[in-house]
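The structure follows.
Per-chain residue numbering starts at 1, and chain names A, B, C and D are given in the order in which the chains are listed.
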């Protein structure tokens, strides 16, 4: 394992130190691992808090800023944050209108956010939660951990953030978040595993001719291993899985997301195939993103997330946003 | 079992988890996200330090377990942090402020800890989680209590419980995971030992080790 | 080699097809390999044309748009474009005020741009050229090919683009481009080589404990191989090389650039070290970028580019820009 | 040497470059950017097609070389595209509209091509570039011309020139590169054959092969 780090134990702190140096518009508490907007909470605005394990950058700290999150709580690599962080962040961004927790559906994230939310509620802070679970590769039932939250997290954070910025009350902000999640589906593919600094070696081994289909964002293997194939065929597998679960038509917002180690030129090749697939089914790509947004350290591969847009969601997507990783309109 | 016994137990857990850190991480790499060893090592070494530096020091076995649980919740994160943390806190609460704990009281506390894990995580036995090590250990303990020797020596009983936990962990290998990250793998989760069950077995082995060491004094 | 492509020969065309699908604000001629703004040339505005081999995405096509380039000409992977492309692009963006060619200093790029510029001049189009050569790892003399153009290319394109957008004449736009280049220095480090689709295997092999210091952006090995070291020490080597060549003080613009396969979390670790280095020398990071901007396919590693800012350059850096890869102010 | 001879030469170049494509790429991977084989393959197969489909077909040797050069410039890119392209164009120009080319005229044309390469690329002999193969080949050719057999059979002469080019290419191995990408490597460029010199040797070998094939008819 070769990584640009000073040591496995200091990666998260060192990266937060770098984040602080690069983004004076953020307030970064390196010791407590809380990233907020430098301005502090705005009176009467719903606060948005997200968080999760590190290793998915720019998620979530890269999405703190005007029109999106108010706070992000990075945990250790691939380990959800602890309640203390979440409680402190919740209090820090509470402008009196309540706070929305945006939680990716993993047992650890859910439990830690739940504990924090309970304690915040006991302290009189109104907290609502949106659970993101867009990954169609995973079976969803009462008797499983349910679907993972992946690429749709970015959509939920952007769109709920825009609504909150406009001054909407907590229940509306939560409900638009839930709506975005309900309209979004994702599927991920790995060409290689990732290596966490503490494990020091890849979480799984893929042969020269093998890929993993249906991977998550924590270096876990996917549902099945498959032979390497041209981009067109791999994209078809991913899009078929999405299309079967949520028939694709009308206006869509599409994210072709790199897992961290994939060159942008390949992501554009993938995007071309996604566009062709949607075109054949009469769906329209009306908004899109191509790049590394919800990553898995150095993993090579991609995920595709599709959200079926409404006019209102499109308007909220287009609203100004100013964060380290997503910016337009100001 | 007194306060010192419980402090010794947590110290022994911290020791054995540090020792088995890479092994636990390897288990988690196979069907999870390769952090279980680091998570628990961070948590239990923090718990050991918290106990050592607590001022005033924990006065009862209940205090020891409550502080341990709180520390785990504050330091671990992930799934195992809230689950183990809440379990230890619940055990502490259950023990109340009794200065001495009988094997029967310990069994009841463990039972209460298991109940919290199941309430939070909704896992049943057979779902390939820490529950699969904890539940049989408690069953063994409870059953054995009925014929604890009159001299009150609980060593062999805890040894049996530890063995049951280890067997329970081992028995997760052929299971298909239905909770936690391993469940994402579907049938591919089969053939691997659950890391949380393995760490639970280590925690119960530490209990038995601590009892043996105490008895030897 | 595993890549998300349909075939080694179609990578560039397929990626351009994806670029077109993702960015309706660009006009992409896939067959001719010319990317321009959808609006066409603005009367009286100096046109900016850049280009180079593919495999460095988002450079250059990702920088086409308001406030930056008017056209980009991608060549084959790591192969400079041909004069035909450059001539057609130059004519397409000529709004009557002349056209600036921004050329990275590689023999191939220089020769092809020179040929194009000559022919354009013969056709009566006024063409000026800025040659970017910021890489301090390379010896600079009349008897060598001279320094390579790397990260400073982005700075030149942004700042010259801002001046052109404001209506400045060709000679001023060229001269600010030259000034930015003169004030900028870069140094690159590789943890792994990259693999071109046609070669099919890495251009060099690095052992588990080895890195290459002083690499360029075409997968070529660096000046020396060195043992792997903590980020702090690697950054010190890079920054010392820059500082020796251009003493660092005052306000700086800093780019910590990923080579394509490096996770963002590591780039932030690097940024923290760069900030510490500059802080120790009394220099101030007044503007910065962290991310993949000038890449080398799937190479793992980073480069750091520092530009000594003036007030005027800062103002031009801050001016609105709206391109696929760089956007603010609109 | 007539028009057909020069068409045959370009076809032979296209053939041998396609054949050696991976070898050239490998040389370029060691001290460059691993594209020289693909670049020249793309260029010369385009040149072959341009010659085949030109309407009207090239009427003179000069036409053949000019069209080849133009096609290389339009299709290759990189350093080798403009250098080889300009060289072939210059050769074509130098031959003018003569329908037949003597070895002496060919030598002069090659000389003019080399001059263009050096004007554009500023490389001297010994800088580890294509010049190191082209220059000795021309010297050999020019020297040999003085004692060309009276029957005008130029086969052996071209064979000598091809050998000189190959030797020149081989002799780049110990050199330190001062031009082109290999120069970025400094002393690490030593020990590798320059890919452009290697391709120049192939181009001159193709010339000799074409002469031999023509003579055999």
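Keep in mind that, in the parts below, a contact is a pair of C-beta atoms (placed from the backbone, for glycine too) under 8 Å apart; a residue touches a chain by one contact, two chains touch by 3 or more.
In this text, all values refer to a predicted model and were calculated from it rather than measured experimentally.
Student: What is the set of chains touching both chain C and chain D?
Tutor: Intersection of chain C and chain D contact lists gives nothing.
Student: Which chains lie in contact with each of chain B and chain C?
Tutor: Under the touch definition, chain B and chain C have A as mutual neighbours.
Student: Taking the mean of the CA coordinates per chain, how far is chain A from chain C in Å?
Tutor: The mean C-alpha positions of chain A and chain C differ by 29 Å.
Student: Counting only Cα atoms for the centres, state how far chain A is from chain D in Å.
Tutor: 55
Student: Counting in whole Å, what is the centre-to-centre distance of chain A and chain B, each centre being its mean C-alpha position?
Tutor: 33
Student: Centre to centre, by mean C-alpha position, how many angstrom separate chain B and chain D?
Tutor: Comparing mean C-alpha positions, chain D is 76 Å from chain B.
Student: By the touch rule stated above, which residues of chain D touch at least two different other chains?
Tutor: Where chain D is concerned, no single residue meets two or more other chains.
Student: Which parts of chain A, given as residue numbers and ranges, touch two or more other chains?
Tutor: Touching at least two other chains: none.
Student: Touch graph across the chains, line, ring, star, complete or other?
Tutor: Drawn as a graph, the chains make an open path, so a line.
Student: Touching pairs of chains, which are they?
Tutor: Every pair of chains meeting the touch criterion: A-B, A-C, C-D.
Student: Spell out the part of chain A that touches chain C in their complex, as residue ranges.
Tutor: By the definition above, chain A touches chain C via 1-7, 11-12, 14-19, 21-22, 54-55, 57-58, 62, 191-192, 208-209, 211, 228, 230-232, 234, 256, 260-273, 275, 285, 288, 290, 292, 295, 297-298, 300-302, 322, 324, 327-330.
Student: Help me check something: in the complex, which residues belonging to chain A touch chain B?
Tutor: Residue positions touching the partner: 53, 75-84, 106-108, 111-112, 114-115, 137-139, 143-145, 148, 196, 198-199, 203-204, 216, 218-221, 223-224.
Student: For the complex, give me every residue of chain B touching chain A.
Tutor: 25-26, 29-35, 37-39, 42, 73-83, 120-121, 178-181, 183-186, 188
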